[in-house]
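Two complexes come next, and they have one chain in common, chain A, joined by chain B in the first and chain C in the second.
The block that comes next holds the complex of A and B.
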């Protein structure tokens, strides 16, 4: 499990868990789950575009994540947030189908992008994922406080002098970077569970916002580490375990939240 | 005494609709003032204009550039959000600023003092979304006041509060305005819980405003002139009720001679 060929997998998975977990706290706080689903899935056609152009698929994913961020941001200025995410998702998937058929990729590599693949990560990709994680975490640390205030109330944030529309764009940017690096590892379909599961579980255990953020990252790490270990032992896909763990997190959080509410009302 | 906020013939258009036409009034430090008007009269629009959220189509507003505290209408705090009452007040200190900040004793003391001042110390560590409406109002009030703004704007802070909480919040605002020297402007569609406590009222109707002492403003002839048709100000069982009369020739006469703003000294 800790053989040299697995080393890159462990490091990348750890980076992905930290970035997806920390942005996931805000995804749940801002009720942006749908955007957290639309961005990674909408970035997936970028990999097909990258192979058409003959560049690393991470660049394609990142490019499409950026396009997704700009599209969702522009569309939601004009209308509702869910509609913006849905429009982007539909458009990107349609384009993705076309690009895939043009690039003639093997079904196997498409499968890897949808459900994740931890093996065969080389040193250059590792450095790229590391760089993206650092940029994302620094950006998130800078905007964390106004973002929390804005999650509480957009009006309060505006009255305090923050610019909610700029914050939303920066938040989507952070979400886009986290999505781009997580897609090849956990898969476009399952990144969502890593972003929403730990965040919704952590809020049931603490009332302190920054403790909840730290706990979200902790649960996220635990999720992905145990998923890799179980995948290694069972030879089942990593994405399966991440998805199941995401649902478990949510159920535990709900159960614990429900118990706390019941105790409160008694 | 210096003026905290002054509005001079303020007009605001939202799309095609002219919401405010000519609103003029001024507030002095420590004044506790109610902004009264029927639903749809533009109370929220007026507060948002003072905050600079919406542009004016005419007139001008002189308001403190920094340091307006604001409690918006109907904030429903997500009960799932891991955020204590104490955190909301701390976000009032520096929530809009970028970057991380290490915990500091001075800041914690400022937050603690504010929580005590609004009577929120005992539930400071509870999850804010789980607090009652009256408790949430106190926390939001502390959030708005912790930087000691010169002006505090509250949009319908008494809506959805029970009678007891309403009286408590009104008394609290009255006291804080005096203690901190903050000019307080709060909007309400029912003036009755406020009349005994406020220094002044601004009555908004028909895109215009009358301001002054309550007894000078809430009068049949003053409000009829403002509405542009006859209304009756009735005092029943210690309550004041404004009732629209027939839209008779008073209105027609006023349309020929449109005096929008009546200022009562």
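The block that comes next holds the complex of A and C.
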């Protein structure tokens, strides 16, 4: 499990968990599950396009994540947030499927991109993922405070001088970067599970936002480490374990939240 | 070789067995989705509809494993998931978004595992593609009557609760005052939604089904001023996109020598195009936005 060929997988997974976990806290606070689901799926054709052009997968993923951010932001200004996400993600998936079918490498690459693939991460990609995570975390740290305020109360944030539309765009941008680096490891379909699951558990254990953020990252790390270990042992897809961990997190959070509310009322 | 459009193309198109099956199944799915999609979009359940479609993919994968028709798998899991979400009865919007997301994640994880088992145990190497992205030209002709029966049931259920749901999506209290049983109505709608999603899943594939369900209805709601015209427009867009997609996919065999482009790609792109077009129309005619009695129900 800790053989040299697995080393890159462990390092990348750790970076992915830290970035996805910290964004996930805000995804839960802003109830942006659908956007968190649509952006990684929207990045899917990027990987197919990159393989057609013969460039690094991550550039394609990042490129399409940016396109997705702009498309969702533009479409949801019309006031229909859910429809915007739905149409962007199905359009992007259909395009990705066409590109993969034209490039002739169909079945196994589709499966890997949708449900995750641990192996085949080289040193160059590792550096790229590291760079992207640092950029993303710095950006998130800059906007964290106004973003949290905006998630809790739009009026308060506006009174404090924040511009909601600019904040939303920056948030989607951060989400897009986190999605692009997570897709090759966890798979486009299950990236959002890694964001939503830990966040939903963490909020039940603490009321303080920053400790909830730290707890989300911690649970996210735990999720992906155990998913990789289990996937390595069983040979089953990583995405399966991430999806199951997501619902476990939520159930634990609900149970704990329910117990706390009961104790409070007694 | 037959040239692009002409008498030869048309007669070859109609005499082609798989094409006729695709036209029948796709047509049924498009009509049901347009009707059910309308109340889904107005009730702001787009995410739930999408989640059901994705989760039904796990049912399709299980069907391959058990050796039964994928349609049964799609219906089974979509129905189960719709029942669970309806029973969970989460009222608060924030919590509903989270529950949908978490259940969706679990369903997709299950689909990942079942597809992996399809490939390793049953050696169905193309299972992932045909379940997730659809394979309209390989639908068995024997299921056409089943599909059309399901379509009629879903349509009947949806039409039955359309008016009560329209009232209750405007105001629950007003609906109760008019004697509407809101609980039963939304349960019937959930059933119709599950059937519509299953039909869309065999047409364009589980993860693209959302386009057929949400797209035509959302596009129609942007420009229609009355529920009836929204209904007619949604059905027209759905049918136009589905049948147009089949024609284009059939024709695409001659674009890139012998390698057809996927049908689902064309259908999704045509629906996306229709949505963009109606957005432009709605924004040009600002009066329609403010005057439309329907626009208020779908704002978030």
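To be clear about the criterion, the second predicted complex is superposed on the first by the 265 of 266 C-alpha atoms of A that agree within 3 Å, B and C clash if a C-alpha of one lies under 4 Å from a C-alpha of the other, contacts with A are read in each partner's own complex, and residues count from 1 in each chain.
Here is the rule we use: a contact is a pair of C-beta atoms (placed from the backbone, for glycine too) under 8 Å apart; a residue touches a chain by one contact, two chains touch by 3 or more.
If you're wondering where the values come from, they're calculated on a predicted model, not measured in any experiment.
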Just to be sure I read the superposition right, which of the two partners does A:142 touch: chain B = first, chain C = second, or both, or neither? first
Regarding the shared-chain residue A:236, is it in contact with chain B (first), chain C (second), both, or neither? second
Touched partner set for A:152, first chain B, second chain C, both or neither: first
Look at A:202 in the shared chain and tell me whether it touches chain B only, chain C only, both, or neither; answer first, second, both or neither. first
By residue count, which of the two partners contacts chain A more extensively, chain B or chain C? C
Using the touch definition from the top, say if A:69 reaches chain B (first), chain C (second), both or neither. neither
Using the superposition on chain A described above, determine whether A:183 touches chain B (first), chain C (second), both, or neither. neither
Common ground on chain A, meaning residues reached by chain C in one complex and by chain B in the other: 28, 31, 200
Chain A-facing residues of chain C, complex: 41, 44, 46-47, 50, 54, 93-94, 97-113, 115-116, 119, 125-126, 128-129, 132-133, 207-208, 210-211, 214-215, 218, 256, 259, 261-262, 264-265, 268-269, 271-272, 275, 279, 283, 298-300
Listed in rising order, the residues of chain B that touch chain A in the complex are 51, 53, 66, 68-70, 72, 75, 77-78, 80-84, 87-88, 91-92, 94-101, 125-127, 130, 140, 143-144
Can you name the residues of chain A that touch chain C in the complex? 28, 31, 33-34, 36-37, 41, 78-83, 85-87, 89-91, 93-95, 97-98, 101-102, 106-107, 110-111, 114-116, 187, 189-190, 192-193, 196-197, 200, 236-237, 239-244, 246-247, 249-250
So in the complex, the part of chain A that touches chain B is made up of which residues? 28-29, 31, 141-146, 148-149, 151-153, 155-162, 200, 202-203, 206-209, 211-212, 257, 264
